[in-house]
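Note that the chains are named A, B, C and D in the order they appear, and that numbering of residues resets to 1 at the start of each chain.
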Amino acid sequence: MDTSIWRALFYLVGIMAFAGLNAAYLGWCERKGAARIQRRIGPCEAGYGGLWQPLADGLKLMSKQLLVPQGVDGIIFRLAPVLAMVPAITSMVVIPFSENIQARAMELSVLLLFALASLGMLAILLGGWASGNKYAIISSARAVSQNLAYEIPMLVTVITVVMISGSMNLREIAIDQQGGFWHWNIFRLENGHFLTMWISFIIFFICSVAETNRAPFDMAEAESELVAGFMTEYGSMGFGLFMMGEYLNIVVGACLTATLFLGGWDCPFGLTPGVWWFLIKIYVLIFTFIWIRWTYPRTQIYRLLNLSWKILIPFSLANLLITAALIKVF
Amino acid sequence: MERQEQTRIALAKLFPAEPVVAAAVAAEGSNQEELPPRLAGVVSQDFARHGSHLDVLCHSEQVVAVAEIMDSEGFFLESIAGVDWLDKQQLEVIYDYNRLGGEHCRVTVRTLIPRIEPVVPTICGVFPAADWHERETFDFYGVHFQGHPNLIRILLPEDADFHPLLKDFMP
Amino acid sequence: MNGYWSDIFIGSKSLVTGLLITAREFFKPVVTEQYPYEVPTMTPLFRGHIELIGNEETGAPNCVVCGMCQRACPSECISLDGKKAEGGKGKVLISYMLDFTKCSLCGSCVESCNFNALRFSKEYNLASFDKNDFIMDLLKRLEDQNRCKQ
Amino acid sequence: MTVPVHLRHDETFVLNLGPQHPATHGVLRVKLTMDGEYVVKAEPVLGYIHRMHEKMAEGGTFAQFMPNTARMDYLHALAFNHGYALVVEKAAGIEVPERAEFIRVITVELNRIASHLLWWAAFLLDLGGFTPLLYAFDDREKIIDLLERVTGSRLTYCYMRFGGVYNDIDDEFITGTREFIKRLRSRLPRFYHDLVTHNIILIKRIKNIGIITPEQCRRYGATGPVARGSGISYDIRKNEPYSVYPEFDFDVPVFEECDSMARYMVRMHEMEQSLRIIEQALDKLPDGPVMGKAPKMLKPEAGYYYSAVETARGSLGHRLVCDGGKNPYKLKLRSPTFSNLSLYGEVAEGMMLADALAFMGSLDLVIPEIDR
């Protein structure tokens, strides 16, 4: 693999641009999507169809003062938004956008992604804790218990995929699924994996909604209970970074789902695979995130934990066993 | 009618000497203004005209006893209202009782207290609903409900030093 | 255990139903009105602030300064003044002030008027930075209207 | 959650919920003593929007108080109009023409549906669902347009007069209302029940949450959907018929579960019943004047008068004391949510924060009506 400095720079700039654009314009997509579902127009004043809206919002947020209230832990308070953003961007390094577009193809890249996802949770914990606000602290406590509960079924389903592909390298996993949708992990005909893998896919998807703190699992920022949760005391770009981190987490979650279950950059009919297919897949997944958010009410924290411990974990374990048996039998 | 009669009898036991007088008042209820002030007792009245079946005028110390009877008869406390009779130098506290379903019967219980030292025993112990209503009456009229666990301002600010519904209060 | 499986199946079904409903709405046209670009039609009974009605021919206010509106108003928004008509009977209106900051648009004044001298205007763009803009001289308003007509 | 929790009363903190908080719908403040996420003690603090309407009533004539009535319960303002008109008509002995009473019932019931729709929307917002809010507003907008047509205002109506109503309804209103009935009937099953009522997340969220026993209802004087959700069949329109309600055939929905879901279902069914009432009233609408003979200056006989109406939130009572003068000597408003909210502290104890807020939403609070 080429390791010249130009390659590193190219990917650095590329990933930053991809992350930045997504973080900004997913906000716009979310608002437009919500508006369509609710039969409104959504942002329409700034530019055609409100396309400059993210820019205007960003400028507004940047021009505001970062207010550090009295009694907060100053260093951690300032560190937390950055910590929310950094792991999300770093995760992009190992995502295989296509056969040739990937910054670093690491063995164990799946593990790295999970480690980074946990760091993101730490940002919420620190942000809420440093704020010294009661609502924020309740929110952080919720976020931690929620992330803990949902990482287990997520990891177990990933282990099933890893067993099928025989690798923890995302690139290997994607290459393993090439050649039409009947090779994708979700519909995999080989060894009869399609019998259980669609359940794994649903479990994984639910978990990634929960991991990214999206509605209906947005316990951490439940605005009708906890005002704004861990972001209550944040204004200006501190808030902006948290929001961008949230959207980037969605992108990473969608990328991971597309790579693990939907064949990565593969075309459904086995023709001309390429980066476009990957992008189509992740944006369809992201749209589903938005669609779900604007359809359901929020759950309760103990219902959420019940869902994980009583339904998702048993099901994912059963899936793991069945997959192992299928691999052994055939 | 049955429930009304039953409640009337139960309440009348509180006023042993007066039922005869009360009945006489009820008979000529149409022109109350010319009659001498009503004595304590129970009176049946025209529901269509006044909106309650029984009108009870009691002494302030009987309020709790009345509330207990109403409780045992299955009534609930609808509201407590104060009235300031400035010219008579009296405050009046009106308790409205009603029944949740079943046979319809509304009872108005009134008690008159001196304006100088307005003290009424609380009925919080019987109806927890009275808690807030009594606080409101205290707030607006300064009626002191004796034995109330938490007799503080409810609608007005904590530091208000006036009782706005008294007729001589001018903002 | 019974409830467990039925929760999963009925629950998933309800979730899918919900998604389908919102998906169908996604493709339907918008129902909101974009206010400054589309102005909804006003109902005939719309209550704006009150205004004086002028005589069709002369344009002079119909008001005879009886003061009924002033007395009917619950918030004491109206203050009016008249003087004895020259050479005739009755009074002529010389000022009619409406303090719109206190008005709750109840319409008691319009109803109390027996001389067809008051009505609701159709004014609704009433934002201002200055409180004094809402202390309105209705007589002047009527004169302005008359001038516009000519 | 029904699992009993052992609350530690020594390791608590106070959470100030409101007066500015997204879930309190206005300016209610609840002082919550919390143990972690569990509520140890909940103490509503009122009075942030208190305006002393009762003093205003004493200061003016009977008619001058009418605009104020709409400013209390701004969601079901016409019921407050109606209640006040009824008590004064009772005191002054004013006859109301039948057509006027029919129009009153039609508009009050339309307003009741609008109020329930808004409650539903706000309740879903409390539970984190935003889209249903806009679907409900879409329907509510139709009602408001209709009411604007006859009353001249959109929210704080001043439509009723002693002896009738301010304005007659026209054909456009009648056809519009019929269209609306058809529209809501077709939308209720899909946009309200399929999307929300049958949703497993909502069911899990509000079922068995906030149990109010019938005995608690009686001791605290809770009425309206709160009482009917606790299995008490009490609706003033049936139990103590006023206006022309006896002429209509409608049911009082009662649910025995006593939880938030029961209160939710009561309101959903009440909307359907209100539609039935409106439909019958439009069919039977008699001809005639809409304003009876009423003296311009009322001087009711001295005495005590009480009149109750059923608002969207429960029993609204007007206690009127007259001394023979031209203004009310004393007007006490018995607002339903004041009593309904007073049981909050007792029931919310031991709940989790999110449940306590969902329970608060199910009580359907309108703060200006509590504070008056």
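Here, contacts are C-beta pairs under 8 Å (C-beta built on N, C-alpha and C of every residue); 3 or more make two chains touch, one makes a residue touch a chain.
What you see is a predicted model, and the numbers here were worked out from it, not measured in a lab.
Between the chains B-D lie more C-beta contact pairs than between any other two chains.
A separation of 43 Å divides the Cα centre of subunit A from that of subunit D.
The mean-CA centres of subunit C and subunit D are about 25 angstrom from one another, to the nearest whole unit. Within subunit C, contacts with two or more other chains are made by residues 15, 18, 21-22, 25, 31. Counting only residues that touch two or more partner chains, subunit A has 37-40, 294-296. The multi-chain contact residues of subunit D, meaning those touching 2 or more other chains, are 131, 135, 138, 195-196, 199, 201. Pairs of chains that satisfy the touch definition comprise A-C, A-D, B-D, C-D.
For subunit D in complex with subunit A, the touching residues are 1, 13, 15, 21-23, 36-37, 124-132, 134-135, 138, 195-196, 199, 201-202, 204-205, 352-355, 357.
Taken together, the subunit B residues at the contact with subunit D in this complex read 32-33, 48-52, 55, 74, 76-79, 81-84, 94, 96, 98, 100-101, 104, 106, 108, 110, 127-129, 131-133, 140, 153-157, 164-165, 167, 171.
Residues 56, 60, 63-68, 71, 131, 135, 138, 145, 148-153, 156, 158, 166-167, 190-191, 194-196, 198-201 of subunit D are the ones that touch subunit C when the two sit in their complex.
Residues of subunit A touching subunit D in their complex: 34, 37-40, 134-135, 138, 141-142, 215-216, 218, 222-225, 227, 294-303.
Subunit C makes touch with subunit A in their complex at residues 4, 8, 15, 18-19, 21-23, 25-26, 28-32, 34.
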